[in-house]
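Each chain carries a letter (A, B, C and D) given by its place in the written order, and its residues are counted from 1.
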Amino acid sequence: MGRRLFKELERSYGFDEVAIVPGQVTINPELTSTKMTIRDLEFEIPIMASAMDGAVSPRFAARMHEMGGLGVLNGEGLYSRYDDPYSVLEDIIATPQEEVTEFLQQVYTRPVKESLLTAQVQEIKQSGAICAVSFTPQNAKRMSPAAVEAGADMVVVQSTVTTARHESNSYRGLIFSELIGSLRVPVVVGNCVSYGVALELMETGVDGVLVGVGPGAACTTREVVGVGVPQVTATLECAAAREDYFRKSGRYVAVITDGGIRTGGDICKSIVSGADGVMLGTPFAQAEEAPGRGFNWGMANPHPELPRGTRIKVGIKAPLKQILYGPTSKTDGTQNFVGALKAGMGMCGAYTIRDLHQAEMVIAPAIKTEGKFFQMGG
Amino acid sequence: MGRRLFKELERSYGFDEVAIVPGQVTINPELTSTKMTIRDLEFEIPIMASAMDGAVSPRFAARMHEMGGLGVLNGEGLYSRYDDPYSVLEDIIATPQEEVTEFLQQVYTRPVKESLLTAQVQEIKQSGAICAVSFTPQNAKRMSPAAVEAGADMVVVQSTVTTARHESNSYRGLIFSELIGSLRVPVVVGNCVSYGVALELMETGVDGVLVGVGPGAACTTREVVGVGVPQVTATLECAAAREDYFRKSGRYVAVITDGGIRTGGDICKSIVSGADGVMLGTPFAQAEEAPGRGFNWGMANPHPELPRGTRIKVGIKAPLKQILYGPTSKTDGTQNFVGALKAGMGMCGAYTIRDLHQAEMVIAPAIKTEGKFFQMGG
Amino acid sequence: MGRRLFKELERSYGFDEVAIVPGQVTINPELTSTKMTIRDLEFEIPIMASAMDGAVSPRFAARMHEMGGLGVLNGEGLYSRYDDPYSVLEDIIATPQEEVTEFLQQVYTRPVKESLLTAQVQEIKQSGAICAVSFTPQNAKRMSPAAVEAGADMVVVQSTVTTARHESNSYRGLIFSELIGSLRVPVVVGNCVSYGVALELMETGVDGVLVGVGPGAACTTREVVGVGVPQVTATLECAAAREDYFRKSGRYVAVITDGGIRTGGDICKSIVSGADGVMLGTPFAQAEEAPGRGFNWGMANPHPELPRGTRIKVGIKAPLKQILYGPTSKTDGTQNFVGALKAGMGMCGAYTIRDLHQAEMVIAPAIKTEGKFFQMGG
Amino acid sequence: MGRRLFKELERSYGFDEVAIVPGQVTINPELTSTKMTIRDLEFEIPIMASAMDGAVSPRFAARMHEMGGLGVLNGEGLYSRYDDPYSVLEDIIATPQEEVTEFLQQVYTRPVKESLLTAQVQEIKQSGAICAVSFTPQNAKRMSPAAVEAGADMVVVQSTVTTARHESNSYRGLIFSELIGSLRVPVVVGNCVSYGVALELMETGVDGVLVGVGPGAACTTREVVGVGVPQVTATLECAAAREDYFRKSGRYVAVITDGGIRTGGDICKSIVSGADGVMLGTPFAQAEEAPGRGFNWGMANPHPELPRGTRIKVGIKAPLKQILYGPTSKTDGTQNFVGALKAGMGMCGAYTIRDLHQAEMVIAPAIKTEGKFFQMGG
């Protein structure tokens, strides 16, 4: 008797499974521009730091701005819950590994205070930086007006999985078009991984979508719940939605690959997959300036009943400037992200980020470093 | 000269090779129902504990019922062979690893006694629980009437590989339609892995089929005999049979994925593959209440001449309630199975188990945790 | 500009990448027959021991016959080169690993003596066993008449890669039809891996072909020269040739999968791929009766300039009877090969080896044993 | 809603993912010829040593010629920058690993001197060897006339990624047709990996193209920048370009696979993929005669801001003659490259390198050496 299947499965791909093909023309890296635009906000580099408490404090956000990028502040993080968030950070760092998930679960039960949030936003604005603040869908409608009032230039609405339609009986589902209508600043939402959801989110009027469910170093959603799509395929789907939506509406919505990016190579691959920018957590938590001082944890970590991820020791690696711009003596791709991006653009003959969208990419499994010979470097 | 092959091979997939795509709509986990039905028996959660002696004793079956699930008693296990099965359990646990397969081979030569079986079934019924008892095809016809007589609510007929047609000259092959006609309770049979066999089994009148050959942690059938199909593909095939059979007959037969499930993610993937429920062994053998006290062994283990699997040390991890419902501080998916299932249903916009059948899934190889950076959490 | 390739590559598969699907009908293992026929020679089990000096001595060949199988004697091995091969075996075993390849290279420079070969064949025949002797293509024409004269029942002509047409200027290429015409016993030749070569070999009149280039544990041809085809695909190709040749000629040529077989599962997979029998080296070198006393080395190992493989320590595992027939307490598939084969035949509803050819097989990558949980048994 | 992707990705393959299928005819290795031709230069073996300072000094180039191959001198390496390059080599070797990338970055800031380059070329020519010198595209036009004047027989123009069209505002892009017109010797350029770029380069009049971006042991371009194509697919594309260009123009351009080759098997696979020759770095840096004395580093390593690769300890393995011609007792494919190539040609029935282009190859993932049994040799 023949074989029949309940449904068909298609193959998806992650960063380690692809490689970029050099272009038919090459250009010198100095000729490239890495500018990214989200509605009317322009950034020198298409690189954002994730709204994780171990990565982005108000001071860190200011520093990211100086470097040409954007650090997103977690609007429901320690900075909006505690008068002295830095001493709480100390406590988290000092807690032994086996107790830390429970401690994180407890720390994040303290309620968010609007006055603290306002003060943090003002600190960022006083530094002269563009200020972006992140909220969960449950709290976005209630809390984002205060952030914008205090000066925030961009609102990020983020949960593990976000759709244009969410049903709940504990709170009224957030209606993005209403939120966007009520705020005068750009709104970026996520995370999503498929063509259909990205398209519906774009149709609500958002200015950017965050792409990625499951791939981050500090997140174990894919193991715990089984849900997730590898980043290359997720980005290819959401970028297809952006193109179709642009063709229909004339409005260009930024696609930002968020999670799982470790190297300059991963940044290049995100953009070749169609991203307009990238968001990174762990690599910035490794900066000397990061508030976590070598530790990081995700937004799904302190979930009271089903924590997904935990505090991870990421180490302190280098000053932010060196991570972004080098020079470096590291040869594993974890430093000089902008240099790597410009080198990749040069090899593909891309003057701009949108030119790099046109580059070719192949499926090419990661080089295995088994055996002595390979351990020498690849 | 051209290439020719004796036969064509199709690709199959296991849990670690797929990931669920979030839905177009999301719902809050509180809105989901995880109910499973097998003919007229209803369960709060679609989760069964395998008929393994290290996992399910009568007491454990009672506890599974309190938690909303079902623990299946091995009708040919220690509990039906020994007056004091608990002291035999002690002996198995105390035997050194290098001698244990031989010891198990010997322990299971003691004949099953109907009176002991009856007593065990009565113990489960007295606790108020739904009682399911498992037999091999060789013994099902002879022994299941006694179990039903004693109060069993469901009979499971299970061997490594089961078909509607088995030929033997040492005993007359079990005719399922006869067995079902002679018993007034639901009958679940297995294991099978293909569309054709599942369909034939359904046509005999069974109420559920168990899916899975070879994948369990305590089973090495695939290594020893080369036979087995990875669980995602096996479930996709058997669920296709259920759909076709339902369309033809109007009768809905439960498909239960059995074996190889380690995490909440695997449970979600089983259901997205078309399963109505799941059966787990090792994760329940790890419960504080499990009779094996941190050890487990399968039904094919004590085979006198060709043992497939052995006693494995699984450890004692947590109370059953925490494994099923959390709360937990574990972030690897091995606790709070029901929370994970409800979270996955929420991310896919599924109100019921049958809604979750409609979710999309992609082929996405497991994230490799090679190198330091990845070891931080994936 | 589009992509173009110099040639297309097709996918091939090895044992660890496939799994057998149970049949629509199952039968009890006692009902199965494992008989194999090569022209007029019949064997109780379709299992041969490779002509490797560490595996098959005349005494071992006699023992294999008692067990229902066939041990092939290396006609150009130590037994035909030395008056006291057992003391040379001692020396090989005693040589330190770093010097052993050089020592093997030297040991095999001693010329073969016809009188020694004759004595060894007679020893096997006096035990009552079927006697098979193996030669390289260079020496087969010259040496096989003496072996047959002495009583050999079958001649094997074997080199790493064998075709019906070989060109050389140091010796006249062996013409198989001439050799076969001059000998009254069945001739088995190999090794080959493709449809075309197998078909041409069959057309020369051979009675069996050996399938496999590169896969054995004691062989590194694939690493050194890059040549080799995984065993499942190689067997599927050669079995297709057997079918086509049988349809055309009415003569059935045995296909024997040779190399890379470690478990009962691999034996079952070979036969489902179309093999009529299998040949194993290392698993028999692990028998208590094997002359290598826990060591083994291949025929391509002592090559004077390009050795491919080396002496490997395989260990002494069990008596031959236990390896073939159990009973065993090993659960990794390395013992009770015949029990495993009969179990597999039962699960597939196959009464005979040729029935097992009809079973279905899927591509299913080996279960990875990463992480603690999996290490418990798969 | 259906799935849509921004772009399609095709699969590519590396050495470890393919295997060569033996031919329908086999020949004795003595009958094979391994000759390679680049325009009017003929070499006994199709093997070149990379222009890496740790591998090729003038003395090493002379030795490669004696062995029938070609050692390419780095025209912008230590030998053209320092009066006493050997003492600088000593310093590099003596520098601790953690400081060496910085030290390399500094060492390579010293300017190239034409007089030193001339002296090195003359040293090679005085040995009677064919002399090839390598330059980067930036310096090729300025420096190659001096090299040719001094006696160089071939010019190599090499950078990580090279195209026929490069745009820069710091220097005028090199126009290959001009360079070729101005030099009377063959010009080989690279590296490239795709059909389109290889074809355009051939149309400029070059005599050979180097194939390979990212795969070398001493290079981490693929990790740092994400750019690279596995060598089998890259060679298949560039060889397709050579065939199409030859059909159109009647001129045959040599395709040389450069990077990632570790074994004789990899050399055979390169040629079956369509290469006319191969270039190796690390395996020659392991020769007793290599100037790096057990260390090697690539041309992209000392990049001042984005080093890709580092100094790697490769060890001193054997004299060059043994690496190329054996005899050897090594069985991992790292010695007797020519013996392996001739063995592979014999197994495929190939009298010449171009005959070997016709061999068949299959996709066959590397045998994993997990578990004890496999560790014995494959």
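Keep in mind that, in the parts below, a contact is a pair of C-beta atoms (placed from the backbone, for glycine too) under 8 Å apart; a residue touches a chain by one contact, two chains touch by 3 or more.
Since the structure is predicted, the reported quantities are computational estimates derived from the model, not experimental observations.
J.: Please state the rotation angle, between 0 and 180 degrees and to the nearest 5, that superposes the Cα atoms of chain B on chain C.
T.: 90
J.: Copies chain A, chain D: same or different interface, half of numbers shared as the threshold?
T.: Both copies, chain A as well as chain D, present different residues to each other, with under half of the numbers appearing on both sides.
J.: As a quick test, compute the distance in whole Å between the mean CA positions of chain C and chain D.
T.: The answer is 39 Å.
J.: Would you mind listing the residues of chain B that make contact with two or more other chains?
T.: 1, 10, 24, 194, 196, 233
J.: For a test of understanding, state which residues of chain B touch chain C in their complex under the given definition.
T.: Within the complex, chain B touches chain C at residues 1-7, 9-12, 14, 16-17, 101-102, 105, 160-163, 165-170, 192-194, 196-197, 200, 213-220, 222-230, 233, 262, 282, 301, 304-310, 312-314, 334, 366, 369.
J.: What residues of chain B sit close enough to touch chain A in their complex?
T.: 10, 13, 15, 18-28, 30-31, 194-196, 199, 232-233, 235-237, 239-241, 243-244, 263-269, 272-274, 326-333, 336, 339-340, 343-344, 347-349, 357, 360-365, 367-368, 370, 373-374, 376-378
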